[in-house]
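Heads up, there are several structures right after this.
Okay, so subunit A shows up in both of these, paired with subunit B first and subunit C after.
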Partner chain A sequence: MGHTSTLPSSRPRWRPPAWLGWPWGVLSAACLAVLALFVVLPIGVLTLNSLKGPGGAFSLGGFAKVLATPEYLQAIGNTVLLSSAVTLCAVALGAPLAYLVARFDFPGKRWLAVLPLATIVIPEVIVGQSWLMVLGNNGLVSNALRELGVPVPSFYGWTGLVFSMTLVYYTYIYLGVLAALRGFDGQLEEASLSLGATPAATRWKVLLPTVAPAILVNALVVFTLAVGNFALSSMLGGGVPLLSVLTYSLFVSEVGGDPVLQSSLSVISIALVAGVLAVQKWGVERRLVHMTPGRAPAAQPVHSWRAALFAALAGGVVALSLMPLAAVLVGAFTEARGPVMHWGNFSLRSMERALSLAPEPILNSLLFATLATLAGTTLAVAVSYLVVKRKSRLSGALDVATVVPLTISGTVLGIALMQSFNTGPLVLTGTAVIMVLVYVVRRLPFGVRNASSMLYNIPSSIEEASISLGVTPLATFGKVVLPVMKGSILSAAILMWATSISELSASIVVYSGGLETMPIAIFRQVDTGRLGLASAYGTALVTLILVPVLLAPRLLKINLFSLK
Partner chain B sequence: MTTIRKLFAALSFTAAAALAAPAALAQSVVLYSSNNPEAIANASSALKKKAPKVSVQSVTGGTGTLMKRIQAEAANPGADLFWSGGFGTLAAFQGVMEPYASPEAKAIDPKFIGPKNAYVGTNVHVMVLMVNERQLKGLAMPKSWSDLMKPEWKGKVVITDPARSGTAFIQVYGLLKQFGRDGLERIARNAVVVQSSGQVYKGVAAGEFPVGITIESSAYEFVAGGQKEIKLVYPSEGTYLGPEGMFIVKGAKHPAEARQFYDVLLAKDTQEMLLRENFRRPTRTDIAVSKLTSMPDLATLKVFPLDLQVATDEYEQLIALWNLALGKAKGG
Partner chain C sequence: MTRITIDRLSKRFEQQQVLDDLSLDIEDGHFFTLLGPSGCGKTTLLRCLAGFARPEAGRILFDGEDITAVPAYERNIGMVFQDYALFPDKSVFDNVAYGLRARKLAREGVRSRTDEALAQVDLATLGSRFPAQLSGGQRQRVALARALVIKPRLLLMDEPLSNLDAKLRLAMREAILDLQRATRITTVFVTHDQEEALALSDRIAVMQGGRLAQQGAPRELWDAPVTAYVADFIGSANLLKVRVLAPGRVAVDAAGAVVAGAGAAVHGADTGALPAGAAGLWVLRPEALQLAGASGGEGSDAAGRLPATVARRQYLGARTSYRVTLAGGQALRLEQPGPPAFEVGAAVAVLVPRDGRVVAG
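After this line comes the complex of A and B, so read on.
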């Protein structure tokens, strides 16, 4: 008692603990609150719904039903198999290509620079649609081959799925490995060779372990993207049941009905990716070699047959990657009567028709992607600054929370947000907010990764200098840190914009009247067999995306893909 | 920093401009529709001619999905008008409908008007065999339902799962009523079952299957589009009809606009346009189908009559019988 009486009578106001102090603690708390509301809460609601029995009591009935239905079990198995196959194929294609590009000079090499543009920026709906037009049952190439008497196997199913996804996702491996190879210290290789190791052994024992982290990290990204893939899966899947497509069709046939089954499937899909992420984090990451970047050996010029071979290999990959774009362009200007394409006859009708119908979806796409980019970039920069430069208990939690969206496929995110914000205190369904929200949440992990990689390279001393000169921490952030990060913020924003504008899997779940976007419009056209109109829409969409992506690097003097 | 500010200012301006644009279109009507985007676009342009200020916002999906959604939204309706669903389905959802006696309904055959004007027929689906001649490979062109029951058609007839599609339900129900369980089992023995009606007509057009059981309007699109190997066969024992209708949603937020759209969709010029461009067989009695297309007039077709109200009541039974028939086909 006497103890307290010694305290001054004017008891001090409650003071927040240091980790909640102004400005960084408060900002961390604010960011965390946003993520808790829009990422953690929806997953919680989804999980609760998956555990509901009839009458709302706790039950494992949903999961029991999944495990007892052969179609669902098959879909889970197929999804794991497909994602693994795509990941392996993407590594097999992307890693050697990166090695060729990093180490050798051959004719036509600079054309490879367009690859990331072609594959990351072209929406998957368009990729799927164009492969159908080329290799589908009634496709250009398949028909031509059939005329020649060559039997053509069906493109629907495993062939089409693995083929098309590999050609989209290998770019992630290619860019990652290329960056690693360019940062690889050539002296290590020289040391190994001078100690008597053969070139082959050197490649195996020195080069591979140092490139491995890049391969593994990006392979994981490819795996999660393949698990969540909806556009290609539903267009080319044929008779192969897959988790994302099945979850979507359960959702559309169960709106207003019992959401237990769709929630159970969603939770399983989250668990699948989270499991793989965990294995990577705790099983693989700690065994990897980390090294400081050095000077990479110069690319060797190659001649004669080797030059021809390398050029042909690289050219083939470029040609295949650009094929979707070409097919869509040709399709847009080909005469289409209803669902029938008259190849070889050109017409402007599809384009005219698309442009007269398109203004609404184009405006919607522009609006949602732009708002999402503004919100998403701001959040990503704030979060990565807090995580990288202002480490605290809260920012540690932030770090974890921003990875969570990676485990949620688009379809599942859409379902979770619909379940969380359809009723209750915060109703967002039917408004533009929910469209913007799915874009922001889906692209946040990539935005944070881009911003953080830049922040690690900014020494803290410049900030300390500014603060010691009497500038407040927030003003220092605005006047010192932001200008240094300018380039990386801009390129992250442009990539976020371009990938948001092509988002389909989550937006098709949450959209409602008046909120249709271009990818949704294209998906609807393909679904009803209108490939001509779909191509015309696709051409409009690709133009819309490519103009800023091609112009921005020149106008703003930034390097879009350097951060990948 | 200034570059970022400029860029973000430009982006914000774009966003504001885009936000302002839809706000200018105050008068709107929300259409829930199971029709393809072209038919919806045609219907919207017909409305635009008569009511230029009203903009149409459409949400598309399968009939079942949308009906459940309308039911779920009953307290706070998102839709004003639904167009179009099979009569069997519509009969089961009369609780969400706002009856309306349109002046245009006088020209509609009374058998295509729902009880108490709750809904009205907009078009009639005719069930056909869609044949890809190139894929027949020596088989004779089928003429009837019974032709498809012959053993040589095993694995060559594609049909939609009746549990997933209203029109497929009518096809299978008709086969049961006309040919009994035995006929159903013989069809099941030859059938390849797919999960959406689109897979039937797209599959036949693409050459995956020689014959599909589907609706006239979907199959005819390929004939009209100029795909020469596609032929339509109206089965000689009689075809089945699937009338489709629309209704105004009870508590619709834009009732006046919904009624306007309803009248427009029933008007003679709209029905003629939807026939010419989307091959929707009209419910009006004053339009001659064979004059505007190469499809036959309904009066010249042999029709096996079905009571769709009864069919809806026997839904569970039919699905069970069909699955039994499929199971038997697999076993034997």
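After this line comes the complex of A and C, so read on.
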């Protein structure tokens, strides 16, 4: 080398003592402390409260009362029944749709690409409101049918529940199966055919077994989501008692009173979901087929009546999935008087009212979701880095702790946080912190999963290269790891934003005066029959979700749906 | 630049002792190769030198200074990784400049040194490319420039050629050799490829189960392996079972194998320090053995003649490789120059050279 002068070698600097475990041990401990305080502790408090008898002594009285009350037993039974029905319907709709898309080319197929978008963009509270405006007692379609003399059965209750939840949750099955089909190595089918199996037998014996675990895993996810569902259950449930709604109403009517019963119901709901997740983890996940990714068979073009049939099917699904979006947008600009929408008469009154007279829910949502996105993304990236790249006993515990929120439905999380932080050394109720907290905790498992899948693809050697070039491990994380993860961090942040800003089930439990968000406002306006104002808030909500979701892929060149 | 002393180093991963009380000296300016199969501890030793693995016992000294507890980022070491480990989001220039910037060098200094380092590896024009736009060989050279530009006191290379195709590997081998000879930076190179080790190294340490099997100059290891393990690993020698009769005299012990000369004795084998009566393994390199017709080959100065049958042969272009079975059943591999001369099944004689080495069996 021409330069004879020696370079300044990286100077020795002050080093923290080894027992401190700087930096990763300290960070792991800090993250673990956060999760222990805001996830583990609330569940502990909830469980303890469920086991309290009169005077605070240990008692199984709460559970005994649940088991002795027909209404509660019926709610548990209904919840299991509803979740099962929704899961079956979602599989019946999602799996065949995925097969059509993976294997055939038909007109209008690319419209199906908007489906994953629909689940992110349209909050459940808007889905509930829209179906109510279209098929409810005073709904657009129900009224039209009634005028034609067609008898219209009530949409509220089982019909509305199964119908609306299926249309929300089938996308989980659809996306999961589509991914499995696209990862399927077409050579396996060719091998089967070459060995003399008929195409039908090949589909049955080769394709189905490799796709079945993907269906099952996602079906269990749908089941747990249906168990925890609050928005649709509450808005369209009619007289059907369901666990989440009952728990919520017990909470609302019992604030300040005896928390035993609500705790008992919450614990039962946690046990139900945890049981299903355990089946998923130990029963199904092991059977997931890990295939060397091969070339998936090309989609075959179809013609004539089959093309028309497939296109109609796909079009129908897309239309039904996007209908809530249309209904709420039109509703926001329609003249409304209470629950009566004057369809066809346009008016700016509702929008004006939402934006200028009562913009507090919009501003609150913006603030809370922004904070939650920042905090949640940071926490998720830090936790997944520690879990994936800095394995230790602490980070192992961290890994377990991040899964815990999956077992808690929104309603239960809200109740647990209220019981833990309403009194005592740390009071958070009534502050914005508790709103941000429920958003972060609910989304954390997904954020960590997304960040982890990216981190697994970053070889540790690039960090070591940086360290050997004189950069400390912590600075290396900032200079090397974060820039490589930039795209997926942004995607995760946008998904975090979208789910936070539409969160209802937990925030409606923990909110108090002055903290009302858009989903809560929509829920309450619908409850009091002000559908126009609800639609206006809905439009604002959807817009705030759509803007980053639509802009980000273009501006930042990221693929939102490589995650999920 | 730097003399390395490895002093009784031990490291275990769970149940496995990866480094077992290992001591080693590396001379200043040497190209030193750690050679061995996977799991022998060579990569762990390299990672201990880099500071990525912490030994449970023992010390590492750079020029007599104990650096065992110094973290990797203060060791001033250049490292070339098996997968190149280029920063995917940074340009070639920024990759190479990374270590200079970490040292807070002024902007012009960074530019001139980086340009110079890129020119040194023939990448002067590719500074603005990104790693994904480079070929494997180019990536390897970026990695090399990035490690060398900081003027490290020690250059570590972890199987840097294993991801390249055969032709490129030869070219990169020469490039690495030239750079190392020009800079004379003490270099520790890890590989499982004996040819690479022989071609590049001033010294080679053959490792086995976390210990040193043998170290020495390439010729020493080739000509005078001290154990069957080393003989087999370097040059994949045939190991013929023999019994030592006296210094320099062995008997071929394979039942039924007839040995020419005085009775069962063969003269001229290097028995080293093996005592008379010891069981030994005669290291016979495939290319050192000669094949002759069953009745031919007389008059050569071979130490012995072993009757055998051709079991298999492979035509390799410039050479032909044979597998023959001795009368006693042991198989030998041979390589002969030129096209095939014997058919499969033919009765032949294997002519054994005089200078073969006998190791403990």
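Everything that follows uses one rule, which is that the second predicted complex is superposed on the first by the 535 of 564 C-alpha atoms of A that agree within 3 Å, B and C clash if a C-alpha of one lies under 4 Å from a C-alpha of the other, contacts with A are read in each partner's own complex, and residues count from 1 in each chain.
Please note the rule applied: a residue touches a chain if its C-beta (ideal position, glycine included) is under 8 Å from a C-beta of that chain, and two chains touch if they have at least 3 such contacts.
Here the structure is a predicted model, which means the values were calculated and not measured.
Of the two partner chains placed around the shared chain by superposition, subunit B is the only one that A:136 touches, whereas subunit C remains out of contact.
In the overlay built on the shared chain, the residue A:339 is in contact with subunit B alone; subunit C does not reach it.
Legend: residue contacts after superposition of the two complexes on their common chain; A:470 is shown touching subunit C, with no touch to subunit B.
In the superposition on chain A, A:525 makes contact with subunit B only, not with subunit C.
Once chain A of one complex is fitted onto chain A of the other, the partner contacts of A:234 are absent, as it touches neither subunit B nor subunit C. Of the two partner chains placed around the shared chain by superposition, subunit B and subunit C are both touched by A:483. Looking at the shared chain after the overlay, A:367 reaches subunit B, while subunit C stays out of its contact range. In the superposition on chain A, contact of A:87 is made with neither subunit B nor subunit C. Put subunit B and subunit C next to each other and count what each touches on subunit A; the higher total goes to B. Applying the stated touch rule to the two superposed structures, the overlap between the subunit B and subunit C interfaces on subunit A comprises residues 483, 486.
Put simply, subunit C touches subunit A in their complex at residues 50-52, 70-79, 81-83, 85-90, 98-100, 102-105, 113, 116-117, 120, 143, 146-148, 150-151, 153, 156, 183. Chain contact summary for the complex, subunit B toward subunit A: residues 1, 3-4, 7-8, 11-12, 14-15, 18-19, 21-22, 28, 30-32, 36-38, 41, 57-62, 64-65, 68-69, 71-73, 78-79, 198, 201-203, 205-208, 221-222, 224-227.
By the touch criterion given at the top, residues 1-3, 6-13, 15, 459, 461-462, 464-473, 480, 483-484, 486 of subunit A touch subunit C in their complex. Partner subunit B is touched in their complex by these residues of subunit A: 136-138, 154, 252-257, 336-340, 342, 357, 360, 363-364, 366-367, 370-371, 373-374, 430, 482-483, 486, 489-490, 493, 511-514, 516, 521, 524-525, 527-530, 533, 556.
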